[in-house]
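I'd like to ask you about the structure that follows.
Labels run A, B, C, D, E and F following the written order; every chain starts at residue 1.
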Amino acid sequence: MTAPDLLTVGEALVSLRSAGPLAAGGPLTMHLAGAESNVAVGVARLGHRAAWAGRVGADEFGEYVLRQLRAEGVAVDGVSRDPDRPTGLMFLERRTADLTRVQYHRAGSAGSALDVEDLRAPLTAGARMLHLTGITPALSDTARAATRWAAEAAAGAGIPVCLDVNHRARLWSRAAAREALTPLAGYASIVIASTDELDLVGDPGADESTVVAELFRRGVDTVLVKLGADGARAHARDGVRHTGALTVTAVDTVGAGDAFTAGYLSGWFDGLDLAGRLRRAATLGAFAVSSPGDWEGLPRRAELSLLDGHEAGSVIR
Amino acid sequence: MTAPDLLTVGEALVSLRSAGPLAAGGPLTMHLAGAESNVAVGVARLGHRAAWAGRVGADEFGEYVLRQLRAEGVAVDGVSRDPDRPTGLMFLERRTADLTRVQYHRAGSAGSALDVEDLRAPLTAGARMLHLTGITPALSDTARAATRWAAEAAAGAGIPVCLDVNHRARLWSRAAAREALTPLAGYASIVIASTDELDLVGDPGADESTVVAELFRRGVDTVLVKLGADGARAHARDGVRHTGALTVTAVDTVGAGDAFTAGYLSGWFDGLDLAGRLRRAATLGAFAVSSPGDWEGLPRRAELSLLDGHEAGSVIR
Amino acid sequence: MTAPDLLTVGEALVSLRSAGPLAAGGPLTMHLAGAESNVAVGVARLGHRAAWAGRVGADEFGEYVLRQLRAEGVAVDGVSRDPDRPTGLMFLERRTADLTRVQYHRAGSAGSALDVEDLRAPLTAGARMLHLTGITPALSDTARAATRWAAEAAAGAGIPVCLDVNHRARLWSRAAAREALTPLAGYASIVIASTDELDLVGDPGADESTVVAELFRRGVDTVLVKLGADGARAHARDGVRHTGALTVTAVDTVGAGDAFTAGYLSGWFDGLDLAGRLRRAATLGAFAVSSPGDWEGLPRRAELSLLDGHEAGSVIR
Amino acid sequence: MTAPDLLTVGEALVSLRSAGPLAAGGPLTMHLAGAESNVAVGVARLGHRAAWAGRVGADEFGEYVLRQLRAEGVAVDGVSRDPDRPTGLMFLERRTADLTRVQYHRAGSAGSALDVEDLRAPLTAGARMLHLTGITPALSDTARAATRWAAEAAAGAGIPVCLDVNHRARLWSRAAAREALTPLAGYASIVIASTDELDLVGDPGADESTVVAELFRRGVDTVLVKLGADGARAHARDGVRHTGALTVTAVDTVGAGDAFTAGYLSGWFDGLDLAGRLRRAATLGAFAVSSPGDWEGLPRRAELSLLDGHEAGSVIR
Amino acid sequence: MTAPDLLTVGEALVSLRSAGPLAAGGPLTMHLAGAESNVAVGVARLGHRAAWAGRVGADEFGEYVLRQLRAEGVAVDGVSRDPDRPTGLMFLERRTADLTRVQYHRAGSAGSALDVEDLRAPLTAGARMLHLTGITPALSDTARAATRWAAEAAAGAGIPVCLDVNHRARLWSRAAAREALTPLAGYASIVIASTDELDLVGDPGADESTVVAELFRRGVDTVLVKLGADGARAHARDGVRHTGALTVTAVDTVGAGDAFTAGYLSGWFDGLDLAGRLRRAATLGAFAVSSPGDWEGLPRRAELSLLDGHEAGSVIR
Amino acid sequence: MTAPDLLTVGEALVSLRSAGPLAAGGPLTMHLAGAESNVAVGVARLGHRAAWAGRVGADEFGEYVLRQLRAEGVAVDGVSRDPDRPTGLMFLERRTADLTRVQYHRAGSAGSALDVEDLRAPLTAGARMLHLTGITPALSDTARAATRWAAEAAAGAGIPVCLDVNHRARLWSRAAAREALTPLAGYASIVIASTDELDLVGDPGADESTVVAELFRRGVDTVLVKLGADGARAHARDGVRHTGALTVTAVDTVGAGDAFTAGYLSGWFDGLDLAGRLRRAATLGAFAVSSPGDWEGLPRRAELSLLDGHEAGSVIR
């Protein structure tokens, strides 16, 4: 197990998508889902070495998860198979043209039973960056402890940590999230959040600049604030930089944030400056929202410029 | 057969939908269609007791219609099976992105053979409201007589009548429609029409205020004028009220008017004031146009607020 | 309009097929159906010039029928478009693995309004053979008269007539069929029937040899008795010949009889002897039953030997 | 809530079916599953009044289950919605042409939390027969207690009980099953089992006649032993009767046993003698195995004779 | 082979379309493709006699191409079957909502082996117009020679030639295209180009008016400049005329240019003035972009006015 | 690149499958194909380390091939991307229930341009076994040379070689095949052939025992003769052993031979005796023929006993 560029840790799920209301009983299509694995795929598609660590069931869905990750070139040496718990599921229904609704079947899943022992080997193998999200600590006590341990171990080993707050309201309250995530952010070099998630790594109700200042004080280098269709704002120690989103036809916003993160980290691995990292982040976000699926439309390296200068309806022939 | 909140009467059809031009021969999907059954489903989804009465063939499509209505919780005790006539069909093709075209195969159908005897039992069972449309009297002489009888019987029994003008140009002329519908409107408490249908329950070419005034004079309480993307205008005895349409991404306008009616009647059953009834009507219309299918996307009660405050691309998780 | 080898006359329908029970509401696929058009397609695929004459609606389904016939190279110059009647429909459901059920929506169809005028031009153009079935006279009085006229006109013009009895129990009684078909058979050179249809062109209950003898007496040259999986028996003036069916995996028996007829007529156009005609008839029957669809699996000329010497599971590569 | 002919109690699940290996990630289709609801549907399709009682989640899958049951005319007044537990799921994959594999996600499901309170109202409403299976007691302690209570309450109220042993090896051991089911059988009038399940309501390893004799001694009237493709054997107090299975093309054996039970009970409701009940049981079994789906192919009353005298490939037209 | 109104010459391909990235491995749908055959279909749908000449493989895809052209009523008498080369393929993937990508497998195809001999018979049969595109000369030396010969032969026989520049950057450079197309344009009556293609029939970098003036000098009568969503500009000897594009919802821009050409030529066959020809061209373009497929959504004559006065979401019933 | 257990070399293709005749134009599904990659997948599924070496295009289909191989855990470090040639395609149509037909588009493909340089690195990395087939030398001169070189290099390095004759009649004649394959067999330890392929590694028309004796003389250890539904016969130096095929329902014979080989080699890697190797070979063959797809139904190690003792229609639950 050679050290990857990026190590991500979390729960990978099987997402079963319905094109209409679930209660109507239409067909479901199967997909790999999970914020951390999305980031790993995004980074791997661009040619970086990415690994994902976590726990999946010793069932058919666990096989499916592994097949998808391997297909995308994400290393899975560090994945545990849990013989006693099923792989987590989620159901995603397009309720109306504007509204997608998620139903989780992940309570008691293999992924939520993640513990410290699952992560020792992957962490020992090392990486240029460790990526964590605020979803994993919401899954269980052991998963929260494992996330904490991983952040600490990485920091101790000089591996920078990227933390995406990623609040899931169906999994825990904002108060519980804040209690777990604020200490976690102390180990991070990069913190990523949407505007309404920022105070989950700071004091309740604190404004953006206050939260950022405090994160800087605690050792964070960069704070990325995702603004949806308005792009993103990056707070670095030497100033603030904004990037707009690319103009594309949005068909599926799920996974857009993970794509943004993957683009940013890819730029970081390539040694780009902040502007370059943000540009790549915005590019991957544009691919994500203009393609169906959480990660299926992400670009390979040769495709990075595909959306440049093309308007809707373009044909390359 | 306990009395439902809403009794609707009409023809329920099997709608076979093609995603492209029919002549291209692609696959067809099967759906329940019919303005009156759409309203019954919309009302039943919100927890009211709804019944539909009419006639279907003793064929497989008749079975299908009954299975769909029962699935939605619409009472079908009052449905007759016609051993000699087929269940009516319609074919709906998406001809271009902007244009949907309907081809009816309902001439000689079981539903068009509706007669007074089919409606005696349902009317006797009673209801809090009877809903009729201007489609049924266009189907045949017996259907026209049955509609007239039902309106009269309901009025006689103190059951308020809701009439949606719903002009179908392929079934009859405006003159023929006016001749049948104007007397019918005299039995109604609520009359619903689009702007270009209003004079089918009044004098040819009469303007909105003239038609409304005359309807009030004849005993109508409320006149709802549907304005499409501009919402609707309600004329009540104590004034006029306008409601805007919710801002949603429109993907299928078929059934939007029926959804509007169902929302209005649901509000009426719940004892809401006019503003509340219109708000619910607009909400159901918004669900209808932002979902594929005539009625498949209508909300259950717990979903009524789903579209509030969400913009396109929202994900609930 | 040059004279084709084969002219067929009848009703072509749009067949909507369901893979399971219709009442379950699954998707439907669209197909061209009709015994006479099936024969025309079978003959055209083998490189003969075939024409089909009849009446279709001026609707989208009429367009579909014409598109399919043209695609198969069947001449449609002699087809009338009926502005007032719809193209006939049939619904075909796979009720169980063993049982297929048909529901017709052809009453009042354009095809059933066929009349003598529709056939004058096609008959005048001539052909080497005219093919008729016992379905057409069952459709309406005018269709019966038109069939009779066509047989008479062909016989008068020296064009041999092939008549397939093809009894449809849902369209008429055996007595009514016998009354119409027996005189028709008097114009035929070739009569085709299954064993239980034979006495529809003879006396009720008459046995095979009696019916055949009487047909010979009336001028028929060849009587083909279809025996299903047991092949077929041909009665010619100089003796009786049997052909077995090819051993294939049967997946869809609909259209097998029409394929048999097409093969026989193709052999006749090629000047094959009786044995050769029967062999080709059996070959086409084998293609029909081992392929889904009424005619979709029929062979082109270069494919005639494909099934020779191949067992189930063969791969040509 | 009027008393139905048949009351069944158990867990209804959403079954997600894959046409190939699950790990390959193909599309899934949604179906209603559950041995007891299968029996209810089979009985309702034949025109008897059937009710199903149990617990489903307050989620979209619970809605789906209710929609399907209502569509089939099964009364669901006695169904509880559990706000805290999800509706149970199962995944069914066609692993090879010969082998279907089931993966349950029903641990902690709403259905498995069934308790006595859920059944009081349905039992009080009464029925002509109560149907239970050996699956329900395997789900949880409360479900086992509820099943026991229902059997006892029915027996006390003079409602005959039908018990299908239905051993599910993935849910519990044979020893545990025997411990729960043997006392349950004491309340039953009808006991149904396959040959290898018989000793789960008797002594371990006891032979058929011994088990039957003991069941008779304990008050059971009829013991039905399912023999798969060899039909079934009925032990009644006045002798033993065998029925063969109908010869059909088997495409899906799932649900065949439930269909058999439904046919038997339908015959019982119709007052048929044992031979008649067995014939109907065999007929429903034949429909089940020759149609895809657990219950989707079951016949309505007018279809009961459809398979008589038809061989593979028959077409009704 | 009677003379058609329009003769087109080129390569017809089988286009395999994927709804998402090809590398993801989803299903592909089969379509007929080819700029010249698109124009032939568009013209034939409007009731003109159209013929297509070219070369397809003696393989199954060649059969498919012929079936599609015949279905659309395009004469294929002049098509050659090449026993040694496969029918050309192209793969079209919807890469993102805004971007479609084409991958050709046409090197060495039958169509690219087009030579002069293939065109002698079609040209001898005559036509009211010959349509060529700048794609054919890019396919091979023989195809370039054949195109040149056809233009020359037509001009010699008094058949006007229409040339659509249609530059395909993946097939050849702009310099190579200019070298071949500039002389070709000398035989044309009508030249069609997008703004960035204009100087491929003139001097490199020449502006529109210069190119047009030179084309007029060389004998061209009309130069049509396609402006995408901005409509088109027609240069005739007596002035310049602009037509706007119809306002429709664009779902597939592929084939829009060919539809425009077909509309223009149809107007020409109907003897319309320039304004009428441009209006029809714009109408066909609108159908093309608002329907999926290269040509599948093109109108029949009775449908020409369908888009007039309809806004998005219209339903004709 | 650590040494795998199995190294296979050849051409991997994208197979586009149609459920019916290609000329009918139905949808196509995408699959990985190639005899050698099939064997690699079969071995990898059982937990052995497998690698595949060859050349694919730098196109989307090349990406697809790599994604599929990686998903299955087959190492692809040794795969070259050819920037100038497309990935090879094949089309596989189910022509009738009994007959599958293949159409190759692999002439000039990247895979057929395989040369010695492509194989140096993979061979240098070593393996416990090298697997080659008689397809690769049929593709081109360079591919033939590369195959020869690989066999020689492996033999020189003490890596046993397995050669499957796998004659493809559409690619070359028997004489040409014999000329290339007979010398190749001299490097092999294991030779696999069907009965009609045996004399392609011996004298024309030589019988089985003669060919086997000569192969033994030339150093081959084991000759496996595939007998289809009759199983296989293994000639070893110490005698002949026969294995029957498992009784399963055959749905797709494509890939059965490759599955057999994979099973045999897996047994060899596990150190099983000849009987054990043949049993596993037969088991994998049974999975292959009873599942759709060339390799998709192959078992993982825990599934090896799934087909034991199960008859058609079994359900594991």
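Points worth noting:
The criterion applied here is as follows: a residue touches a chain if its C-beta (ideal position, glycine included) is under 8 Å from a C-beta of that chain, and two chains touch if they have at least 3 such contacts.
Labels paired with UniProt names: A, B, C, D, E, F = 2-dehydro-3-deoxygluconokinase.
A quick note: this is a predicted structure, and the numbers were derived from the prediction, not measured.
The chains in contact with subunit B and with subunit C alike are D, E. With contact taken as defined at the outset, subunit C and subunit E are each touched by B, F. With centres defined by CA atoms alone, the chain at the far end from subunit E is D. Seen from the C-alpha centroid of subunit A, the farthest chain centroid is that of C. Centre-to-centre separation of subunit A and subunit B, using mean CA positions: 46 Å. Measuring from the averaged C-alpha position of subunit A to that of subunit C gives a distance of 63 Å. Contact of a single residue of subunit D with at least two other chains is seen at positions 21, 24, 63, 67-68, 250. Interface note: chains touch in the pairs A-B, A-D, A-E, A-F, B-C, B-D, B-E, C-D, C-E, C-F, D-F, E-F. Those residues of subunit B lying in contact with subunit D across their complex are 63, 67-68, 70-73, 300. By the touch criterion given at the top, residues 20-21, 24, 95-102, 104, 168-170, 250, 252-254, 289 of subunit E touch subunit A in their complex. Every residue of subunit E that touches subunit B in the complex is listed here, in rising order: 248-251, 287, 290-293, 296-297, 303, 306-307, 310-317. Interface residues of subunit F facing subunit E in the complex, by the touch rule stated above, are 16, 21-30, 59-61, 63-64, 67-68, 86, 89, 91, 93, 103, 105, 107-108.
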